[in-house]
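Chain naming follows the written order as A, B and C, and within any one chain the residues start at number 1.
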Amino acid sequence: MSSIPAPAGEVAGKSDDRLDPPGFEMTIDQADLAAQRAEIDRSCRWPVLFFYGSATAWLLVGTVLALIASIKLHSPTFLGNISWLTFGRVRPAHLDVVAFGWASMVGLGTLLWLMCRLCRVPLRYPAMVVLAGVLWNVAVTAGTIAVLAGQGTSIEWIEFPMYCTFMLFISFALIGLWAMLTFGTRKEGHVYVSQWYLFAAVFWFPWVYASVQMLVVIAPVKGVPQESIHWWFGHNVLGVFFTPMGLATIYYLIPKVIGRPIYSYYLSILGFWSLALFYNWAGAHHMVGGPLPAWLVTVSAVASIMMFIPVITTAINHHMTTYKSFGALQYSPTLRFVVFGAMMYTLVSFQGSLMSVRIFNEPFHFTHHTIAHAHIGLYGFYTMVMFGAMYYIVPRLTGREWASARLIRVHFWAASIGIFAMFVTLTIGGVIQGFELNQASEPFNKLVGQHGLLDGTIKFFEGFKRQNGAVSFIDVVRDTIPWLWIRSGTGILLFIGHLAFGWLVWLNLSGRGKKRTGPTLFRTDPKGYAIATGR
Amino acid sequence: MNYGPLLFLGAFLTFASAWLGLVFFPAHQLKDLQPVTVEASAETHPRAYSGEELQGRAVYISEGCVYCHSQQSRGGMYLADEQRGWGRRSMPRDYIYDNPVLLGTMRTGPDLVNIGARQPSADWHLKHLYNPQKMVPGSIMAPFGFLFEMRKIEGEPSPDALRFDAGWTADDGAPAAGYEVVPTQRAKALVAYLKSLDHTYELPAANGAGQ
Amino acid sequence: MSEPNDPNDPKHDRPIDERMRDEDGPPEKVDVNAMHAPIMREKLEPRDGFEPIPIWLVTVFGALLFWGGWYLATYSGGWRSDVFDEDPEARRIVQASGPPKPVDPLVRGEKLFTGNCTSCHGVNGLGQPGVYPPLAGSEWVLEHPDRIRRILLHGLEGPVTVRGAMFNNAMPAFGVKLKDEQIAAVLTYVRHAWGNNAGPITPEEVAAARAETAGRDVPFSADELMGP
C-alpha cells in the first residue's frame, strides 16, 4: 500500500480520461513510473534547458546570417564592400552557426534527456554537462567571429580556427564521458533502439572530428587525399552525428506520443547496422569526376545506393508504427513536426542516393541542387524533428505548457512550407543550372522568353548534347537568379517561423505567457485526441 | 542488442572499415606523388608557389572564394568542363603543393583551376575584384572594394594605381580628379595567386598508363 | 525489460518514497503534488514490437547488394591509384591507339581554341554582347590577318568596334604561351569556322609578325592596329 496523497484533481487509481483511452487504469505502479520520470526531468532541467536556450538563440543568429547570404547571391551589392559581411565569410558563418550552434546543441540537449529517460536514471554530474555546454557556446561564438573576421580555414564544415576546435573537442569528450557513466549506471536492462543511435553518435563523431583535424588541418597529408578525408568527415557529420540523433528522437517520440510500440525490433536492428555499415563509406560522392582514383568514387557511389536499405527499413518501421494514428497529427505539435521530419528523411535520402550515381552527378554537381539537398536534410529532417523534441521536452522540464497554440501553428506552417518551397525552388534552379553547364545548347530563360514555357522547355531539351559547353557561363548565372530570389522569399518564411518559435521558448523559459493546465494541442477536443491515439 | 561491449565492437568495426577505405588507403596510394619533368620543354610540373602566391592563397582562403569557385576540371564522361575551356582533366599530381586543397563544391562562379592561363591580365583581375559587375555585366560576384584604397594622389601617382577608361563613372568606383585607387598588398597577392593557377601543362596520360 | 510491478524486485511492494531512495543517502520524500501534469499524463516509455521483416524487403535488398557487387567489380579501375575514369570502354580505346598521326591544323586549331578562347569568345565564336567581341563574321578576323596575328602575340586592350558593336575589354597576350605553329593553327581555325571562310595563316607569317613586334611588352590598342 502507498502513503502518497492523491494528485490534485484526481483520485489515485482513476484514469485521466482526458487523454488515456477508456479502460486504461492509472495504477500505483504507473504513478511510480511517473514519479521516477518527474525526478529524472527535474534533474535534467538546468543542463538541458541551457542547451536548448543556447540552441534557440543560435538558430535566430544563423537565420539572419542565412538571409544575408541568400540576398547577396542575387543582389551582390547588398551590404557590399563590407569585409566582414562578404559572401565568402557570411556563408560559412551561417553554416557553422546552424550546424554547431543550433543543430549540435539542440541534439545534445535531446541526447541528455533521452539517455536519462531510457536508462531510467536521473542526470548525474550536471556540472560536467553544463561545463560542456558553456565551452561549446564559447567555441561557437569565438569561431563565428573568427570566420567573419577572415580567419576561417575555408575547409567546409571545419572553418573554425584551432583554438575553437580544441574547445569543441573537450566539450564533446565531456558529453561522451557523461554518456558512458550514465549508461553504466542504467536501471533498465533492455537497450532501446534510440540508445544504439545515441551511442553511435557519441562514439563516432569525435573519431571523425579528430581524424579530419589531425590529417587535414594539423598535420595535413599531401595533396588530394586531404579532400577524401575532408568529405569523409563532411558527410559523416550528417550521417553519423545528426542523423543518428534525429533517428533516435523519432524512434522515441512517435511511439511515446501515440502510445504504440515500434512496429518491428528486427527492422530496427537491420536499419541500424546497415546504416552503420554503409553511411560512412559514402563520403567520396562529394567528389565525383574529381582528381581522385576511380575506385574511391565507385566505392562511395555503391555505398550511397546501398543506403536505400537502412532508409527503406526505417521508413517502413516508422510508417507501420504510425499509420493507424495519423489522426493524432491534427492534435499534437510534437507528432506533426516529428512525422514531417521522418518523411523528409526518406525523401532526402532517396535524393542523395540518386545524386551519387555518376549519370545524375554530372549535371547536378556544383549546382544549387546540392544546396537544396543539404537544406531538406539538415532542416527538413533534422531541425523539424528537433523542433518536435523541444515542443515535447521543454514543458516537462519547466512545468509550464506552451503559451499559444496559434504561434505553434504559425511556426509549423511557416517552417514546413518554407523548407519545402526552398527545396523545390533550388532543385528546379539547380537542374536548369546543371543542364546549362553540361548539356544544353541555349539558355533556358531565353528559349522560354522566345517560345513560351512549354515549347521553350521542349527546345531546351532538344538542344542537349553530351559534354556540351555551349551556354556561356554568365548566361547560366543569369538563369539561376529568379530562383535565388524565390529562395530568399522562402528564407523569410523560415525566419518568421523561427521568430514565433523563439518567442514561444522565451515565454516558456521565463514563465511569462498564459498559464495552461492541459497540453497545448492544435485542437481542443481531448476526447478526439484520446480516440486518435487510442488502441 | 543489450550487451554494451558487443554494440561497441560492431560500431567500431563498421566505422574502422570506412576509415581504412576513405582515409587510409587513398592517402597511402597517393602519398608518393612528385612533380614530373616534361621532356619537350624540360619544365617541371607542377611548381611550388612563390611567397607572394602563397600570401595570395591565404587571402583566397580568408575571403572564402572556395564557396563559389571550384578548382577542378572534370574528365572522363564529364568533358563539358574541357569544352567550356576550363582545361584538361585535373589529376592528383596537380595538387601536391596545395595546402589545404581547395577543390570546391559549388560553381556559382566559374572554375578557376586554369584561370591564370585563361586570363593572365593582372589589370583585369584587379578591376574585376574591385567591381565585378562592371567588368562582367550580370555577375553576382561579391565586390571586393575593401581590398583597395581610394586615396589622394601625393606627388606622383602610384605605379600600382588602377587605370580606368572613360567607361567608368564615379558610381562604378572611378576616382575623382586628384584621387587614385590603389590595390592593397592583399589584392596584389591574391592576383598573383590567381595568375599562378595554370595547370594546362600535359602530364603523362592517366588511365592505366601511369601518371 | 523490467516490468513496473516486477515481483523479482525486492522492493516492489514498498512505498514509493522508499523505492526512490538513493541507496546511500537519507530517504527523499517525493511530493507527488510536485509531479507536473505533463509527466502525469504521459504514456508508457516506448517499447518494441516484433513484426518479422517482410520477405519482399529481403529480396529487394538482396538485389541491391548484387547490383552493388557488380558495380564495384566493373567500375573500380583495378583499384589503381592512376586510373581516374571508371569506364573501361574509354580506357580500352585509349590504350589501343597507336603512334600519333600528323594532325590537321584545323583539328589542332579547334582543340587550341577550345582550351584557350572559348571562355570569352564562346564555343560558337559569338563572344558575349557588350563584353567580348564575336569572331564569327568579324571583319577583324576575315579581312585583317595582320591585325589578328599581332593581337594573338601581344593582346588587345581598350575600345574596339566589331561588326558595328563597341567593346572595351582586355584580351591577354598568347605570344609566350603559344608557339608560332599553334597561333597559326588557331587563327586558321577561327578564319574557317562558324561560316567564316578566309584563307589559312602559316607559322612563317606568325614568326615574321613576332620578329617585327619583338621587344613590345604592352598590349595593342585598336587605334594602333588600324593606324596608317
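FYI, a residue touches a chain if its C-beta (ideal position, glycine included) is under 8 Å from a C-beta of that chain, and two chains touch if they have at least 3 such contacts.
All figures in this text were calculated on a predicted structure; none of them were measured in a lab.
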{"item": "Two chains joined by the most C-beta pairs in contact, as defined above", "value": "A-B"}
{"item": "Taking each chain's C-alpha mean as its centre, the one farthest from subunit C", "value": "A"}
{"item": "Whole-Å gap between the CA centroids of subunit B and subunit C", "value": "13"}
{"item": "Centre-of-Cα separation between subunit B and subunit A, whole angstrom", "value": "32"}
{"item": "Euclidean distance of C-alpha centroids - subunit A vs subunit C, Å", "value": "28"}
{"item": "Residue list for subunit A, restricted to those that touch at least two other chains", "value": "189-190, 193, 291-293, 299, 358, 469-470, 473-474"}
{"item": "Shared-contact residues (touching 2 or more other chains) in subunit C", "value": "77-78, 80-86, 118-119, 123, 131"}
{"item": "Shared interface positions of subunit B, touching two or more other chains", "value": "29-30, 75-77, 82-85, 89, 91-92, 110, 136-137"}
{"item": "Touch list for subunit A against partner subunit B, complex", "value": "72-74, 76-77, 80-83, 86-89, 91-92, 150-156, 183, 189-191, 193, 196, 199-200, 203-204, 207, 211, 215-217, 220-229, 232, 240, 269, 273, 276-277, 280-281, 283-284, 286-287, 289-293, 296, 299-300, 358, 362, 365-367, 370-371, 437-439, 466-470, 473-474, 477-478, 481"}
{"item": "Subunit C to subunit B touching residues, read off their complex", "value": "77-78, 80-87, 90-91, 94-95, 114-120, 123, 130-131, 155, 158-159, 168-170, 172-173, 177"}
{"item": "List of subunit B residues in touch with subunit A within their complex", "value": "1-2, 4, 7-8, 10-12, 14-15, 17-19, 21-23, 26-27, 29-31, 33, 60-68, 70, 72, 74-85, 89-96, 98-110, 132-133, 136-146"}
{"item": "Residue ranges of subunit A touching subunit C (in the complex, touch as defined)", "value": "1-8, 10, 16, 18-20, 27-39, 41, 117-118, 187-190, 192-194, 251-252, 254-268, 270, 291-295, 297-299, 301-302, 305-306, 308-309, 312-313, 316, 320-321, 358, 395-396, 399, 401, 469-470, 472-474, 517-519, 533"}
{"item": "Subunit A partner contacts - residues on subunit C that touch it in the complex", "value": "1-2, 4-5, 15-17, 19-20, 30, 32-54, 57, 60-61, 64-65, 67-68, 71-72, 75-86, 118-119, 122-124, 128, 131"}
